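Down below is the structure, laid out as structure tokens.
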Amino acid sequence: MANTGTKGDKVFHAVVFAAALSIILIVAAVIAVMFQSAIPSMERFGIGFLFGREWKPAQEEFGALPFIFGTVTSSVIALILSIPVSLGIAIFLVEQAPKKLARPIAFMVELLAAIPSVVYGLWGIFVLAPLIREYIGPFLQTYVGFLPIFQGRITGIGMLTAGIILALMITPIITSVVRDVLEAVPHTQREAALALGATKWETTMIVLGNASSGIAGAVVLGLGRAVGETMAVTMVIGNSPQIVASLFEPANTIASLLAANFAEATDEMYLSALIEIGLVLFLVTFIINAFAKLLILSVASKTNAAKQG
Amino acid sequence: MSETATTFERKRRGINLLMTSLTAVCAVFTIAVLVAILGYIGVRGISSLSIEFLTDTPKPVGEGGGIGNSILGSAIMTLLAAFIGLPVGIAAGVYLAEFGKNWFGNTVRFVADTLIGVPSIIIGIFVYTLVVLPMGRQSGFAGGLALAIIMIPIVARTTEEMIGLVPHSMREGALALGAPQWRVTWNIVLPAAASGIATGAMLAIARVTGETAPLLFTALNSRFYNYYLDQPMSSLTVQIFNYATGPFEVEHAMAWAATLLLVTLILVINILVRFFTRKRF
Amino acid sequence: MESKISVKNLDFFYGSNQALYDISLDIPEREVIAFIGPSGCGKSTFLRTLNRMNDTIASASVKGSVMMDGKNIYASGTDVVALRRRVGMVFQKSNPFPKSIFENVAYGIRINGIHSNKADLEERVERALKNAALWEEVKDRLNSSAFGLSGGQQQRLCIARALAVQPEVILMDEPASALDPIATQKIEELVVELKRDYTIVIVTHNMQQAARVSDRTAFFMLGKLVEFNPTQKMFTNPDEKLTEDYITGRFG
């Protein structure tokens, strides 16, 4: 009996160990396979690949800069729009709303994260894009049209639309992490501020100060999601590899370049260039996510220390 | 108190009122967006839903047609993904919970978390180079595999979390009776965590059902009912994408109807999971 | 005697659970009042009714009145923020903000707009730290994190923070319970010192501490006020048999 026990333990351990190992192997394989496929492109274009402004597959000219520009710009727009709203919701849920109200609201915000990307894209094409073409765009041009970013023709499809859709998609993610970090702030911090005659909002600022690195982690996590978001962006950004100031103009991101062109890339160098740019996206999101995780973890250890001290 | 003190106080209270109201506005706004999205899907989608739409295959523009083959394709590939992804993910989660308090466990945890954040289109590229290129064509198998890879780290982490909730005393009780570790895990810990693990599995299934990017060039699409895993396979999400980005009104209408079906399915899973767990889901 | 705070027929509830029953007592100005009693007797809950800190608990409700300088702080329309500025509080565990030592003390001054300029602010911070007997220990590192201080120093920092907004009353909820004997002694000396300028209400589970620092003592049990008398009398010749049993250690 004891014998079968140890033997059984060994088999059991081996099976679950193999499963755990498979996760590491998958990531290693992703890196290895993509790196190998990207070699022709890397050898041919070198580091200049990242700074080239032209993307002309027919002439075998591949520059990634317009896509990097589009990815960064759309993600920054998303963050600018999403951060205040996400913080606002999280503060409302943790600091203000009664529990009975906070739970269903939190759940509804989480449902936003469950809606598939392609659905956001569909909604973006047929609801948001016309809204921007008819109302939001003209409104912005009337009042802040002197800014280069709000000049030019408004088609509704372009950088701004992509940024807004991305903002909607990352808001539930940032909100949920910020909510967790705010809840982890010891209640004594709020009491200390209140006892000094702080208003509700002044107390909230103390809480935010306590949670600052966790909030940074939440934002970085949202950034990681925005950078890698594919379908919704592909559907509304216009897929045009150009670097222009106007946010109403079409643009393109790394992820949407891949989604729109990968299936047609039959030429070896074209495929290799696409995979190289995919590898860049992979490494960037990997680093962003790792960084976010470290920031969020640091909060957990800090609040534990505060509770003990 | 002087004049300035009261102005100061008034300003303070004003800021307080303004900011606390703004946070409520943020919450109301976000819920309004959710309602707007779901409402629009409902209104636009319901008008095109019919039995024929749910069972037919796509037809040339203007002749009707439906998404029966896409529903089947999504079901087959999701099942395949669950078939591969759930056992591997749950086993990995068991490892993390039961043996994972070492550097290897920490590495797996870290890699799993970052893999969860990797854009799913990257997984599509990976499977394309690994499976589609050697096979010479897109296939339902490749699509299902891509979805499985997306599921594994999610399922592993929720499984670990759920097993972590099983009281230690339960384990000790069994170990004290002389049961070997694997029996304790298999007969005591896993059953105790079963409903939580199932919950995580359902959420992972809901998540991959909505995935499009990893299927674009692995499963591609198909206009026919296809039961063979080595052939290109349609899916609801890729079909929605194709219809939505096409030029025809009738196809846009079909995209909304297919979306209604997809979103209903995903929301029902999420709401049921919420209903059955009082925990943080 | 001149009452700073006068409590009449106060009942307190957590949801449907009653935690305090019909409490009435008068707190004279510039004295130290100690609340003693076994844990769970309601002494901390009662303390927190005096600056309406229990408002932060959604299910809490109060009946009866707490008059401060003749005004009921539970009257509708009471400005709770202004009330808490007048009634400072020091908590069981020190809870400095994640800011520098200086900014911790300056916080209450800043939000309440008490200072006229930067020099005034610095002067007020210095005075508060001196009053809390902490100045000599921290004057060279005002800009370093408050978390670098020892437990006893952190608690005195929290007292300085409370003093800086010039309250009239200071509530202390077992302020020394997490401290070693030497740090405790410093806090006790400080309490006696502060009595000159402030009305102080201190909750303690340590009866010797109550005897050492307070002018009057209130003994609570099971949510009821059993006895409220000058400390001298309380510890030598209490009116109630229950008080005597508790003080002589026959229970609790």
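By written order: A, B and C. Residues from 1 in each chain.
What we mean here is this: a contact is a pair of C-beta atoms (placed from the backbone, for glycine too) under 8 Å apart; a residue touches a chain by one contact, two chains touch by 3 or more.
As the structure is a computational prediction, the values presented were derived from the model and not from experiment.
**Q** Please find which chain has its CA centre nearest to the centre of all protein CA atoms in view.
**A** Ranked by how close its C-alpha centre lies to the overall one, first comes A.
**Q** Which chain pair shares more contacting C-beta pairs: A-B, or A-C?
**A** Higher contact count goes to A-B.
**Q** Could you grab the centroid distance between chain B and chain C? Build each centroid from C-alpha atoms only and quote it in angstrom.
**A** Their C-alpha centroids are separated by 52 Å.
**Q** If you average the Cα atoms of chain A and of chain B to get two centres, how far apart are those centres in Å?
**A** Taking the average C-alpha coordinate of chain A and of chain B, the gap between them is 16 Å.
**Q** Roughly how many whole angstrom separate the Cα centroids of chain A and chain C?
**A** 47
**Q** Quick one: which residues in chain B touch 2 or more of the other chains?
**A** Counting only residues that touch two or more other chains, chain B contributes 12-13.
**Q** Can you list the chain A residues in contact with two or more other chains?
**A** In chain A, the residues touching two or more other chains are 199, 202.
**Q** What parts of chain C, by residue number, touch at least two of the other chains?
**A** 81, 111
**Q** Using the touch definition up top, name the residues of chain A that touch chain C in the complex.
**A** 98-99, 186, 188-199, 202, 206, 209-210, 306, 309
**Q** Quick one: in the complex, what on chain B touches chain C?
**A** For this pair, the touching residues of chain B are 5, 8-9, 12-13.
**Q** Can you check the complex and tell me which residues of chain A touch chain B?
**A** Touch residues, chain A against chain B: 4-6, 8-9, 11-13, 15-24, 26-27, 29-30, 33-34, 37, 84-89, 91-93, 95-97, 105, 107-112, 114-123, 125-127, 168, 171-172, 175, 199-202, 204, 221, 224-225, 227-231, 235, 255, 258-259, 262-263, 274-275, 278, 281-282, 285-286, 288-290, 292-293.
**Q** Taking the touch rule as given, give the residues of chain C at its contact with chain B in the complex, in rising order.
**A** Going through chain C, the ones touching chain B are 81, 111, 113.
**Q** Within their complex, state which residues of chain B touch chain A.
**A** Residues of chain B touching chain A: 12-13, 15-16, 19-20, 22-27, 29-31, 33-34, 36-37, 40-41, 44, 87-92, 94-96, 98-100, 104-105, 107-108, 110-126, 128-130, 149, 152-153, 156, 179-183, 185-186, 206-207, 209-213, 216-217, 220, 237, 240-241, 244-245, 252, 255-256, 259, 262-263, 266-267, 270, 274.
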